[in-house]
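Take this structure first; my questions come after.
Chains here go by letter, A, B, C, D and E, matching the order in which they are written, and residues are numbered from 1 within each.
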């Protein structure tokens, strides 16, 4: 039984059909790449999975449960975590607080009111910040970060929720080749306990870290399979030659 | 948390900390916050001492006036809690204040209940209940509620309550309920004067400390996240709307406590007390003093009330205009309120990570 | 039949009055994101200027024509001196404008001694159709409101000024990067909203007489109307005002006025709760 | 130098708490002016009991919460011997406790009101429903018609007044077609006007207050109510309220009060105080009955008489004397307290608006009983 | 002949923290210039100072021979600077059509919008949609299109291809190369290849200082380069 299974997802915005029966299946500990031209519906599919958009039609199941009607909160509690394409950190809070906020999300109200997990989480916050090379900015407001640094922070926040399934929408936007490579390295270790869906335009990067790929085009799945299968796929090569 | 500090030192390998930006950015905010840490308790201490000594130096009628101001400060605290920390714009805070006032007034009038241990909890519960009802309607639901919606919704609630009170004969209509008997403790009657003052001050201190504890806790951090971006933290798994409703209800309870004290102290309740005028007044106190600091709310209430009192004595015909000008000047030049004269932005917003802050700074200073 | 006609006219005319008052409020709220608590006082100033003209023996219509220009100019100055500092913080803006309103209102109260003063209408009396009498001035207000509404719509929707305004208020730094002079646009928009309020004040003062709380009376109603209509567009608040105005004039025909008064607000809030984007979702003009 | 320059005793302190700012500041300021005038006059005449009077004025700002604070100033800081003031009933309710119960001071309330205020040490010197209706309503039935409408603002005064008015109307063979209440700030009355016209109402006995009253009368006028012979009646209408509408819109409006400015033509004492007031305070704030100016004058003079009789200023002695105090001359004529009732008998006048001024069309034979308590 | 855009001894920052240190930059009348550097190096800050969104602390920004460092953004833009910001680069609530209309407010060419739509046909299908609901890539296209409509003499592009699909990147690159033949283009890019194809000259920023500069090919071959781009 796969960890995540989205089938027949349809999303209509007014006249536009952004998703037209798209499907996505992600197994345990699988890194899954989602690629496709601009406007093909990748972000929309991610949002439908995380609950930011309500699909017009279709079904999403996660850890053997139908979560189509779940709110984002419930999905997050079930073990999903999303990094948006457009960074949305909490601007006036410090980096430390941003991460702590993500880390403590699952604590009970009682624990929160009496700050019972604070000491425990402190180390984790600092470790995360250190990993993402933000430790020295820990007490600056998140708004004072450059765009790329905010991307780092968002990835860290998404990871801090300790998800079973991590959804990353273009995490390496605005990063140089080298920075991408480091991001890839940071993501590798989570494979032990977590699956990943990642949207990316950089095929080299995707190829390096993903096990399987799904290609979207105009809201439909064009192909899905292992990296080498996709690379060999005629239809996929086709769209990569076609101009948008 | 000494253990934590040790941990940081291990957790930050030297080659990574101080990697970049260290040389180029002289981060003012951290340093500022460091000193602000010390300022807030000083401000709180000064205010407390001043409040404790006040009745000794003030004339009788001024002590009575000060009691009233402290009750209003308690009321202001309730608003700061919901707006300053959770970002819920309650333009109808008077609804909870006033309905509790009316509630205890009715208890005293119709049931002859004036025992302090009954009326104050009753007032608090009334505030809590009304806040839960209104908050439940405005804050919960499918659509996340915008600040403007909540502010107009609460405003409307307060407006409608005012209308209702004016029209409802049982509540005395426009004339309100006069001549409420004094609050009692056994056979002792709390009439206006120093004992009432210290009672109210004591309650204010207790509530203040509770609020302070709450907003400095991890729960407070969740509130801050809520204020910044409710939808975002929902994706972390917070039940954002529940948090909002909870803090709104707590705010309502505090307002209710203040309202019941007010009713007994002033000896009457009237429709304005649930209405828009008083609702706006409390917003004024908090923004004037500086929202999101708790102490700012207290200071704001004291100064606004004090200044109006003084102005109405000395510039009898034009004092509302002068008050307006003063307000405008403060808002223009101190948009974060009077408290921002002494407290830095970081302290106002609040932040966590406790003592490790210093560690990080040391690290940075130590870096080449 | 005749009765129904009179009823319809009266309800429509009050709706028009509310629309007129909300026009400026809506433009400032939608376009600038500022809930201007001083808007009622701009209405008051428009009324006061008209009264002044009357008291000084000038023709009343002269005062009515002058009012929007004078209030608009004042709005321009206030924007540059005060409102400009508030764009980043809408709640502080509410308070700032509240203080501003307080100052204007109390000053005017001092000037008119706190009285209720009558100002005659330039076109007085009633239009008699058989046994029915309808107020000539209210009829005029309906016509002017329709014209002003149409004019504003054309200005905002059809001219590049409108585009500049919307762009500036949407994303000021990008607007500057597109070569738009944002300070000027802010000033002009605020002045325009103020001028509309001035005009509203001038036109309604014969109906309601002049008193210091004239503008305040309509403020909450105005905000609710803006929300019901939907912030973010020009049409939204106007539609909201139409609905609120008509409703508050119509309900007393069928139920106790005291109940009707509260009911309008409760209905409005429930409506907004379940349709937060308002009657007309905030896009376009 | 004042005649008491050598007086050994300290001045007697008079406190005035009234609306100097806020929506009804025009009335409050007039009251304060009247108080200044009366005190000056008494002092010029050698003071009271050989002691000068000292006046303390505080603002109630139409805000009950501010008012209570300021009234406490009068009581606790200035230690006044008497407080006069408050215009609205809710203001009276708010400040009466700090004055009478907690402050142990005498309180005089000067405004026309709904009655039923029977607190000890609280004396009312303005007209009550009985005084305003008993003679007025029969006059209206004779000079208007039998069918009455009672459109009202939704607060205590109209409710209570209407109960009384309805009784008098029905006792005199009239009929109340409808009685309806509106939010205090309602400004559109189309449905009401329609009801009045279609029910062929003869007399609109109005208790709608500003800001609603202006547009209400205007809408009635435009709907042809006056043209068809209808009569407006409004018992709080005085010289101030005449300006709310164009003269034509309220032509024939009838009011019943204890004083109208036209009385100066026939009554030399009225002419004297009116002239004295206008000399000292030539501004906008009129000496008018509806804004409690006459009640203030009457209240201070009655109190003066009581203090003279008592020979001292402590609360109980003065209250005992005030209980039956009389003045031979006051605005509109003599006045006397009804013993044991703490309300005041006075002459009442019915006047009709003609071209923007009042004309007296009726007057009570003697002093009218307040019928309270 | 003076450079078209001449930046001398520029210091800039936010609040009390300094970000740029003594930056000197010369941009010729036509041709592409690339600005490279790792995250947080100060690239965006430099762009903001050039258009005037951020007042410089010290130093001079001269444009077309005149010092503009005290001029307002809109004046600089009207004098011929076009700017594609890194974030918030479209008017989110305005429709795509209106976004383009804002871009062409100052333009004199009648068919300019059509021209943009032939470059980005995708936008043509989205004309009435609020720009805020566009996909990430579409948004970038719109931002570039909008800036090009103003007929700039100097075009600043802050990471124009972030989130844009490879197929479209190719198109954009060609257009930029073409454009750089007639006007000056400054491009901040993480796609090294793209950047150095458009640019003849490159600057590499490191912690707010110019660490490396030279002809595109030279910089490309410099062994130091990778170190400055690594995190």
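Simple rule for what comes next: a residue touches a chain if its C-beta (ideal position, glycine included) is under 8 Å from a C-beta of that chain, and two chains touch if they have at least 3 such contacts.
The model shown is predicted, which means the values in this text are computed figures rather than measured ones.
Minimum number of contact steps separating subunit A from subunit D: 2. Steps from subunit D to subunit E, taking the shortest chain of touch contacts, total 2. Ranking all chains by how far their C-alpha centres lie from the centre of subunit B, first place goes to E. Two chain pairs, B-C and A-B, are compared here, and A-B has more C-beta pairs in contact (counted per touch definition above). For this pair, subunit C with subunit E, the centres built from the Cα atoms lie 43 Å apart.
Our note on geometry: subunit A versus subunit C, Cα centroid distance of 47 Å, whole angstroms.
Separating the CA-averaged centres of subunit B and subunit D is a span of 42 Å. Annotation: 37 Å between the Cα-based centres of subunit C and subunit D.
Residue positions of subunit E with contacts to 2 or more other chains are 17, 38, 40. Residues of subunit A found to touch two or more other chains are 133, 144. Annotation for subunit D: residues touching 2 or more other chains are 21, 29, 154, 181, 183. Those residues of subunit D that touch subunit B in the shared complex are 20-21, 29, 57-59, 61, 63-66, 68-70, 72-73, 75-77, 88-90, 93-94, 96-98, 101-102, 154-156, 159, 181, 183-184. Against subunit E, the residues of subunit C that register as touching in their complex are 160, 163-164, 166-167, 170-171, 173-182, 232, 282-284. Those residues of subunit A that touch subunit E in the shared complex are 13-14, 16, 36-39, 42-44, 85-87, 133, 144-149, 151-152, 170, 173-179, 182, 201, 203, 239-244. Residues 1, 3-4, 7-8, 11-13, 16-22, 27, 29-30, 33, 214, 217-219, 221-222, 224-225, 228-229, 231-240, 246, 346, 349, 351-354, 356-357, 360-361, 363-364, 367 of subunit B are the ones touching subunit A in the complex. Taken in their complex, subunit B has these residues touching subunit D: 59-62, 64-65, 68, 163, 166-167, 169, 172-176, 178-179, 191-192, 266-268, 270-273, 277-278, 308-309, 312-313, 316-317, 319-320.
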